[in-house]
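Two complexes come next, and they have one chain in common, chain A, joined by chain B in the first and chain C in the second.
Presenting the complex of A and B:
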């Protein structure tokens, strides 16, 4: 048995694969390993273990990912995305000198090893969501050196204390008052549980319950009269975490009063906010260390500028007093608080400069101007975290992780930008390939020429060439450097930014839309450089973009979405909004005797309409039988070039491909019976061409499918609840031919001038394809499928499958999944010459097929592929949480010299041969003369 | 037998749940402490797979696993692991006692084979069972670029043929010189008989005018060149 398995493995591994060369990896591909926009109160610098010299930046995004970034170079250290069955916001806490960080998402609480992200313990709380999470720094005023325990506030189940080592629940305090749990806060001796008590009328009161950390028993409870100010959660500015003096601060609706309470006391200090202008936002920054000074900073934002005030807390007298205020500055800025030993430093970051202040006095300790790169033009700091290094009393350097308003997360070290992470790209929902306007203008001019008469077309052409001459001097100037660079083998790197110097057509713009409403264009040929980046929320306020879809047209991109009033048109070169009147929409090229038929999924039925718009009277309707529901449909890509209309067999006979351009593959599901069916339709006539049904399928899992050329493919998960004979995941491939017999055109054979390419022109009944299919077992679940695309379709294709569980994208060579592989016997000599191997029921994914090699691409929603300037190469972009782009050459790069080609060696060989000729020539001449004399 | 175990297990699935640990031992192939934290294990049966992260002690801990038959897979960037079949059942330890306990059994399994086709038993026990999972190999993603190497150059059959003929051309006269007279005469006799040399003064010319058809027909006349004799295609002057 084992031998059999080994043989199967060996048989599948010998299949040829165009893998990535080691020296090409990391050059031809790029990967943005993203976290998402960092959350304000859960982003911090932290040492991964007590003795560590350097700290890492820990952050969490919304409800998805915990990410750890090296502050030196911005590289991702580790990342985890725990799955929560319940929605909720993400929380992340770390305690001093601990080698773990504790996270909470929805109903999932987990502790992770801070250095490498391995799990320490996890707990799933059934039927509750986590509202707040704190780590108990001290117990009875003594710092514990062991694993510190976590205190968790749950929505319905009160407060729980988790053991820091094992995750065991030590005690639970059940709150039966019916108040809304808000937050917890710890002091060295007490745990405070803060809830919002909302009476029938008016605002909310804050109720503070103090609990014993050891037993979890209630010690005391009191309410603070805050009903005049607090209407909902947002009016509470701060509920201090692990500060020496836990604070509770809130404001009223109009941001006019600031009220501060030291938790544990009943006194409320009231301050008025600066009254010059209406304050839009107040943010409170306080240090989160137990031994820091009890100083805090309140940040005020108005429409035109920002200012701040620093307050001191007197712990002995339990009073809060204002220490000093920072001057108001025009423009936007952000503040950060960094405790160093017991001292507290505040960092102010504006678009121009970074300045550091001590909490004790208002003097600026250090100041650096920010040298912002072009990617931050027009953006302003939104939130910041800083690490201040103090040497002998003065600030020697500062490192800040700043989130800018355009979504770039930037590290600024003493005013210099150390790295940038394009976190706004995370969570892409749609992507498309945009064509550059320049490229299009040439295409347009060529089109003009083809429509004119010969003479004027010729004149137009000559004019165009003369116009092109203006680039000639620059080109000739660059030539020596380019040739030299080529010889020394560094051409690729130097030309990487040059989108204009795109000889091979690798520089394509991919436009990506994210769920947060960002639209960005990436240059796939230049390591995914962001060319432009705009916020759609500004263009269409109030809209949601979680389901937006993109469509590329000549020179512009159309953004559609359910949350949008109408489509938005964005210039694909600059990212500017175009007014829809200004766009000359190109009508689809249809000749007179043809009609355009569009189709759409409406009310669970697939309907075809005459014309581009959905009308009341469909031309055809496809309703799945037996109460099945349509889950998705896949159409053949509009631009899908096919090089050959037939498949040449080993004996030189031809199997004709069924090349209908209107193929649509519809996936339907009958959940109750665990049946999944696939229907192949002709979208012009609505006719059913082929149907296949599978039993015992787990319909709750993704069922991806794709269609290209004359074949389609889909993947299924076998449901185990029935007595299925095998387990795991299946990949099905089906190929369509005109006839099962070679050299035969099936029903088309009778007519002399018919083709499956134009099925409407065929006489009589629409021809149905002959379908050949094979099923393979695959080791992993597939979440998305795509097919590579090349310019002429000569290069063989690869099926690009996304494997979510191993965070990879695999390109399965088309030859491996050929449905003509002989079953149960070895291939004959003729079949072997076609490259067909014996059918084996399993396809192991060869690591060499993996496009992403050592990168780990997580959360991929979709993969798009397009042609490059070279026939051999297809460009691939994967989007989702991460962005990954690469080039694929399924039949190797036959039209390009690889890096293995040594140009210097070739030149030397030519020179050596020339020298040899110089030497040998006299010898030969002498010999010839001698032979003449001797004859 | 198999069905009789699974059926009560399915019925009891709501009652009880098992926990067990998959552990990666330290082997020659891999030091499990160096594995990335993205390494995780999944249990697939029906619906979403159950996921477990790698712990600091190089193991995957599954808890609250309802009774059933699961396909356990370990996903790792750098190493491939063998798949396992794990059955969780609720059994009465002593017949009729009514006391039920979870039993976890783990076998090697083979993808693409029948589910009942089990391999080696990897572990069997109650709650808290530790099953060892071993990596089967490292994953290698990259293709070697075939650079220029003298050895591969020499392995080329064309080069080998050229070298062989070089040896013949340069080595033959030397060999002939070293032969004693008797063998030399014998060798020359042999050469005369050979159809290729044909006794002609100019070997190249005789090669060009070689009468293939005649030779094949067993013609033995020598001396004069058979120029005018045969219109056979092989004998035509080009």
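Presenting the complex of A and C:
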């Protein structure tokens, strides 16, 4: 028993517990916790509770993520992504002095605690989609102090009033007119329900129905004649504002006329828009406070510039009049409205400056030039939200959350950029590691040298080194700062910011494509700094990039998207579009004396073709049996270095690994019988090497798989009852060997050449691998799998798994899931010396394996890993809704000095020893002479 | 000639030292008593010396036999140390530690040095008559030292330092080159 305990202890000591060290966290890794581009009408500053002094920025993104950002530093306070079965647009409302915010998305309505994002109540409306959401600020002109109720407009279930505390439905108004529900708006005494009444011919009429807030009964209904202007939703500019006089504004197709109606009255005020240039877009800004002045601003955008007009509403006469207009400025700009007590302030943000005006008069109250950082170069403000601080009648400071056209969400405080959030990165669908042109040129030169004879290669190398001398002065200049930075214990990241001074190869560019068609390059070694960021929609109008794929080549990235004529080639250093003629030829994937076979999934069958092109006659075809359908296939990566071709056993014998570069793992599903099968094929010959089938699998859940070196792994959701209550998750790993016997290389023997097509002298018909596999139960579902990659494959590997339910990424050491772990018995001394522990069916994810420590990495679609300059370290990037990058050292950083290494102390010790030697040397010399004399 | 005075007490004490204590009695012998066994007169003693000096000098054959005997003893000596060394080696274990490394080093050094000093070790026994017979002794000596060396090799093997297994030559074995390379078409 004691021996057993000692062995277990020894095994745990031997097993690499590759945890992230405390001093490494937040230095080697980065996390962009993203929300997505903020929605214009659902982004606002709001105090999380009534007594709060500071406000937070609340926003919702189209992908239903509700995010709350601290305006001070841009940190995410909380984030929620409610699940809706119906598509729809996200709505977010908050009432004054309330500690909840109410969101609606699809058929899901929920109230969240404004300070911490905990759910207060939620309601799921079966078969309906929420069209609009408002919060009842006042009832009969009196502000309620406890939870304010939410009014929800549904697509075909009318209007519902939800209790603000419990989420109970208080009343429902059913609209049977068949009109298209559009919006609701509340005034202190009435709820207005606005619908689009579309007659058979012509445009739409606006029908306004007023409802009693208390009973939900219809009080009145009238139609506004707007047929001539309104053709569809887009022509309605604005409806609502919980002001004393809620507004309804619309325009016509050509944006020539602006019509405004005070909801509850039948009068329509008509204004003509500035006619100098064709207006592309009109945006109306009105304060949403009950007690603020009834002033609003209309923003006009033309191709070349933008202007605005401010209108006042006379509540007594129920008229709308134009107060003043703001001059047209060239370039793009954005406006924001900020009510302070009863006053209303408008903020105008252009690329150059930020100015504040009062709604009452046209004088500029304050003006600050914007000191834009380089990340905003070439971008312009698209939408803004501002908070104005007024002290004794004058504007003392202003902070704005501005969305720029390049997708950066920026906070500007009095003209200074306080923080930036790269929200455009959210929703990444594809990512790849780019290789920089500079390092690629060196690789190219080396390639040239390797192909020449010794003398000319030597001359070439000397010339290259002489040419490299031009960097020498700059290097010398930088040397003192670098040495000092090193000595003073500054981290190497801050000392070496430039990608060119990257001695360890940690600065790699990851190119990420998002579903919105943005392509960005991140420097993984510099906390995920965005190096460049372009909009693919500008380069290829009309194409969609929601399922784009990226491929990295020497110096450029190839982008494939839906609706693209051909692939786009983007320079990976600068982000510029390359013309396909200018592209250098790429080295071939395969060596000259190899036959290339390509395979592809065509009509549910996996087919292999001789050469790169699909021909009518495939070399082989794999049709899954029993009507199973192929869901995915995983091939061994092209660059998959293997350090040792065998596994050394405890008795120093060798189990030879089955290393076939053409392995492909095919996952098939038989949905009706809930069977998932895996077929391991030799993709050169199409030969089936191994097959395994699993029953009672929930095939609707993700079935990730990966293949590397001589092993493959996959994960399943086991579901024996088909109800979601009894679920189990399994991780299966299988390792391939040439022979079950140690010191045996299988039928091929010691021959150094192998072919899976041509006949060989080997005995037996084929060289099938010997497969050892083992299944482990895991506590959580895995949505994606990847394997760490290092330069030469000497470092042991980690299986990187994404756990969506705990928003984390875990690196499982390969040794822990070794299929050779002895089952049902303790390991023998020889096995223990190999580091094999007794098989235990359950693997708990050790917190030390977690790569993301305190970060909540949500919505991960994929994880990619690549080698760094050091053998011990692999670079990892996870993308999806968030972007997370880190460095992984499965066998610890054995080739790097730790942070605890005190270089200063070492130098001082050397100096002290040298001084000591200087002092001691004469003494020793005298002693030696004396000893010669006295002899 | 007057009779010689009786010798002083100290002379008596020297010439007749106290006899070893008898096994039974704890009492000391009375003064002046000399046990019979030790009562050997000086005359007798001189006679005995005379017989020794008069012993016949050994013949060359006898000398050679004696030398051979001695030489055999030296030749067998390394083998006598083997059990002790073996136990020592067994006790030090198979881990690479400074102590066991030193022991193994001496284990190798001793036989090699011994064989190198072969001529010097057997030089005292060289005689014209037995030089041929000495060869077999030397051979046995070398063999015995080889046994010691064998113990060293066994030990080194136990420590896993001899490249006798497949894994020791694994680094020289290469991955097979496959004459086909298949890739998914989307990678091309």
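In this section, the second predicted complex is superposed on the first by the 855 of 935 C-alpha atoms of A that agree within 3 Å, B and C clash if a C-alpha of one lies under 4 Å from a C-alpha of the other, contacts with A are read in each partner's own complex, and residues count from 1 in each chain.
Here, a contact is a pair of C-beta atoms (placed from the backbone, for glycine too) under 8 Å apart; a residue touches a chain by one contact, two chains touch by 3 or more.
Please read these numbers as outputs of a predicted model, since none were measured by experiment.
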item: First (chain B), second (chain C), both or neither touched by A:842; value: first
item: First, second, both or neither for A:178, with chain B first and chain C second; value: neither
item: First (chain B), second (chain C), both or neither touched by A:644; value: second
item: Contact breadth on chain A, by residue count: chain C or chain B; value: B
item: Chain B versus chain C as contact partner of A:542, first or second or both or neither; value: neither
item: Which of chain B and chain C A:566 touches, first, second, both or neither; value: neither
item: Of chain A, residues touching chain B in the complex; value: 1-2, 4-5, 8, 17-23, 25, 78-80, 83, 112-113, 116-120, 122, 124, 698, 700-701, 717, 719-721, 723-728, 776-777, 779-781, 805-808, 840-842, 844, 847-848, 850, 853-854, 856, 858, 898-900, 902, 905
item: Residues of chain B touching chain A in the complex; value: 3, 36-38, 40, 42, 44-49, 51, 53-56, 64, 68-69, 71, 73, 75-77, 80, 83, 85, 109-117, 119, 139-148
item: Parts of chain A lying in touch with chain C, wherever the complex brings them together; value: 549, 551, 589-591, 593-600, 608-609, 612, 614, 633, 635, 638, 642, 644-646, 648-649, 651-654, 659-662, 664, 682-685, 742-743, 748, 750-758
item: Chain A partner contacts - residues on chain C that touch it in the complex; value: 160, 165-168, 170-171, 173-188
